[in-house]
Amino acid sequence: MNQLSTTAQQAIDEFQACEQWEQRARLLLQRGAQLQELPQTLRTEDNLVHGCETRVWLLLDREAVPPRFQAASEARLLRGLLALLLLRIEGLDAEQITAIDVTDWFAQLGLSRQLSPSRSNGLNAVLIRMRELLDNL
Amino acid sequence: MNQLSTTAQQAIDEFQACEQWEQRARLLLQRGAQLQELPQTLRTEDNLVHGCETRVWLLLDREAVPPRFQAASEARLLRGLLALLLLRIEGLDAEQITAIDVTDWFAQLGLSRQLSPSRSNGLNAVLIRMRELLDNL
Amino acid sequence: MFLPSPWRQFFPGILAFAEQQQVWLDSAATAQKPQSMLDALAQHYQQGVANVHRAQHQPGERATRAFENARSSIAKWLQADAQDTLIFTKGTTEGINLLSQALAHHLQAGDEILISAYEHHANLLPWQQLALARGLILKVLPMDTDGHLDIDQAIAQLSTRSRIVAISALSNVVGHKQSLSALLSAARKIGAWTVIDGAQAAVHERPNLQQLDCDFFVCSAHKVYGPDGVGLLFARERAVPALRHWQFGGEMVRHCDYQHAEFLPAPLGFEPGTPSTANIIAFAATLEWLQSLDSQAIATHEAALHAALLQGLQARGMQIIGSPNCALVSFNAPQVHHADLALLLGEQGIAVRAGHHCAMPLLHSLGLAGALRVSLAMYNNGDDLQRFFAALDQALEILQ
Amino acid sequence: MFLPSPWRQFFPGILAFAEQQQVWLDSAATAQKPQSMLDALAQHYQQGVANVHRAQHQPGERATRAFENARSSIAKWLQADAQDTLIFTKGTTEGINLLSQALAHHLQAGDEILISAYEHHANLLPWQQLALARGLILKVLPMDTDGHLDIDQAIAQLSTRSRIVAISALSNVVGHKQSLSALLSAARKIGAWTVIDGAQAAVHERPNLQQLDCDFFVCSAHKVYGPDGVGLLFARERAVPALRHWQFGGEMVRHCDYQHAEFLPAPLGFEPGTPSTANIIAFAATLEWLQSLDSQAIATHEAALHAALLQGLQARGMQIIGSPNCALVSFNAPQVHHADLALLLGEQGIAVRAGHHCAMPLLHSLGLAGALRVSLAMYNNGDDLQRFFAALDQALEILQ
């Protein structure tokens, strides 16, 4: 387990302060809006994450050190979840990324339910794809 | 419904007098022993009744008036049941045979359970085959 | 919205959901079970089980009788003729796969299979894969502007090469009861086999297979308030001989040696292996219970719910798929991704379905990435709809 | 014969039979269910059902979690590797039919499939019919004088054309646990796929699929104290890619349009349609309960019952098929037709099986029209055997 970055800790504080789902939803939307746009040219079939009904694209910038992921989704709340995921792994190297406990991360944010085992929300599929991309580094 | 023949009525009296399954079983064995032997030459594939695990042969003598069935089985108790079935239809014409309530007949004998819906005991299959043979008369 | 359901009390699952503040509006996916189903299942297991069709012992005879009584009872529910055949399957999907395999030997390259544009994957993919394997032509019958099957166009598509016409009686996306009789008789006239996917329709109107002139009809127990893992394939007397044995094992053999075998005719010849006895018996019990209710009252109640649902969605400017007239409505909110809306409805305890509804090609042809679907059953009531609309308003407020 | 079963009390079916003076000695056909199974089933239905894998709502997530937990839990019971795959089926029969279809494209005319002489129809007919359709050779591996598979002979029969070796781990007629490891590794060496029919074996010894070096393993829940209508197909990691998709429908699609489709890999790609969720969850609960018991004590108890059964039959001069060492004994009384004996045992409330036991070719090759089979489970006790023997003596007295 690595230390949380300051921004990650801030996110936790922010989400934990929410008392209602509405506030959490609005925060998620805000986070999603801040996610860096992925240009249409990168929204390719190859970059599509299989296994989620909502389309999600995930790229690993292989040049960057430490590795840098980019992600996008058509759904705004999922975009928020992706932003939080990227926030958690920012600055970590491949090994560290593989080691982090994502379940715990979302639990701390009060978003455990979003790591659903079903395929509709692709967050689990995104995690699997991340590991694959890192394995092929 | 036709009147029961005297011999049929005797069978009912005999079986109804049984208080225990052993007595009924012994009576069945006796009845089976009295069933006319079917020569090996008639125990053909064609005369085999499909749908029972125990082999049963059934023939309709097309010349006889009224129609006359012959039956055989390797199992002795089933032979007894066949004998009782033939006893019930003895002397009846095709139409009368089709009209009789076989379930009721075996119920009166206290042998309802032997008309089982399963295929192991072929009595139900024998009935179906009888009707087929009569239909093709 | 005062639309109470007098039948709600019979569904423990619905009562449990209510305690958890969950509103079940996803019955088109799977329906909750009445207490009678649970009782039948428990009773069957508790009294001791036995295999059917084979045993000389009393438990075996009791099981066989119960099993075959269930078959007759379900056939009666279908209003089938005594000469027709009822084959038990795992569900609609297996029933259609069975047909696509058991009829395959009749088909030759260039022959046509016709389906509608709104078929569920279960009534698309088995035919599509058969077509790909055998060089057949899969014709997709178009919808009209209401999202209904265009019957005139459909009939015009029939040709002398048409061998199978396979259509849903009620689409799980559009929610529209199709009148199929003209198409069915046209198909029959040219000698094509007709297959009705009754997965969605069966629960909203008791099938009448003397009236519905198809060769085959399939549905799933779990969508008709019955247990999981059982379905049925009805085959009309005239069509049964067309079926070739498709799977092999115990219970379906007339005679065999190591190198050859002869099989029993349908239904047993198409039910290899130990059947799902307990579930089949519980399914029959479910349908018997269902028939003990006032079907007219249920239909009226469901229609009132459906009208209220449709009206509420229209009043809110939702984009509705087609012109649904039964059981369900699929829709999108303008400018809102269906997944966002579904997530916020989920947060509020509203169980509706979102996505492509196992009808990817349909959604794609409508230019949609997905849609939400609200589906109804006899246990739903006005409160359920009110809670749904409140949650919808709330979600839209957040998302807009 | 003092052999009490401490587990009898957990089986309501056995207790119900006892009240009706019925002795259940036909567990090889189907096993009675423990209360834990009934509870799991009832609880699942009562709390409200939902479809798995697809929904964004909480009931759907709960169902998905329970379903996939059941899969993991059953895989653990099988002692499978994390990389191996568990596919849910309707039962053993469907599992073997799946394999015979999903492997078919690898086979060419002249290739060989090997089975033993004692296979159940379920592990004979799918291969036989495939062989007939494709011009393959079905080799039947012989038994030795004890009615056991002759392993040396079996290995000698392997050739470079051998593609599939499919064998029961425990025959439902002979009741002998086969040691298969030598055959399995020889088959593997020449590149044949190995299939184990575990339908009878699984309930008497927990499978260990890390030790048993086969590619595929199948069994049925209903014979392992589980619910009706569920089975499993285990596929080892190395063998999974050999399987081609065999049935099509919802839940198994990656992407499709009207004319083409791409499918998910195993397991989901091999589980089209709505799964038998409730039954699968109840099956996992059954196995968890089973694992909470003292397996050594159960094995000892069953062995003691088996020894007493064998001894009693031998003492009465019964003609026993082979040298059974587990779970069941098949036999005939000299000069007595098995159907007569079965009928009189049935009259006395003894539930044993009589007939060909879905192994017609085996019985035929032994020159038998049929046989009786007494089979045991953990809930049987010395009393059951005593009642059986008393009834046997009585029946023989009448028949002799």
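Each chain gets a letter, A, B, C and D, in the order it is written, and its residues are counted from 1.
Note that in this section a residue touches a chain if its C-beta (ideal position, glycine included) is under 8 Å from a C-beta of that chain, and two chains touch if they have at least 3 such contacts.
Being a predicted model, the structure only gives us computed values, none of them experimental.
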Length of the shortest touching-chain route, chain A through to chain D: 1
B-D against B-C, pair bridged by the larger set of C-beta contacts: B-D
Approximate Å spacing (C-alpha centroids) for the pair chain C, chain D: 31
Approximate Å spacing (C-alpha centroids) for the pair chain A, chain C: 38
Intercentroid distance (Cα basis), chain C paired with chain B, Å: 45
Chain A, residues touching no fewer than two other chains: 53, 120-121
Where chain D touches two or more other chains at once, by residue number: 54-56, 58, 60, 339, 342-343, 354-355
All chain pairs that touch each other: A-C, A-D, B-C, B-D, C-D
Parts of chain B lying in touch with chain C, wherever the complex brings them together: 50, 53, 113, 116-121
Residues of chain D touching chain C in the complex: 12-14, 16-17, 20, 22, 24, 26, 29-30, 32-33, 37-38, 41-42, 45-51, 54-60, 90-94, 96-97, 117, 120-122, 124-126, 128-129, 132, 138, 140, 220, 222, 227-230, 245, 247-251, 253, 255-261, 272-279, 339, 342-343, 345-346, 349-355, 358, 360-361, 364
Residues of chain B defined as touching chain D within the complex: 21-22, 25-26, 29, 53-55, 74-78, 114, 120-121
Touching residues (chain side chain D, partner chain B) in the complex: 337, 339-340, 342-344, 347-348, 354-356, 369-370, 394, 398-399
In the complex, chain C residues that touch chain B: 52-56, 58, 60-61, 64-65, 68, 254
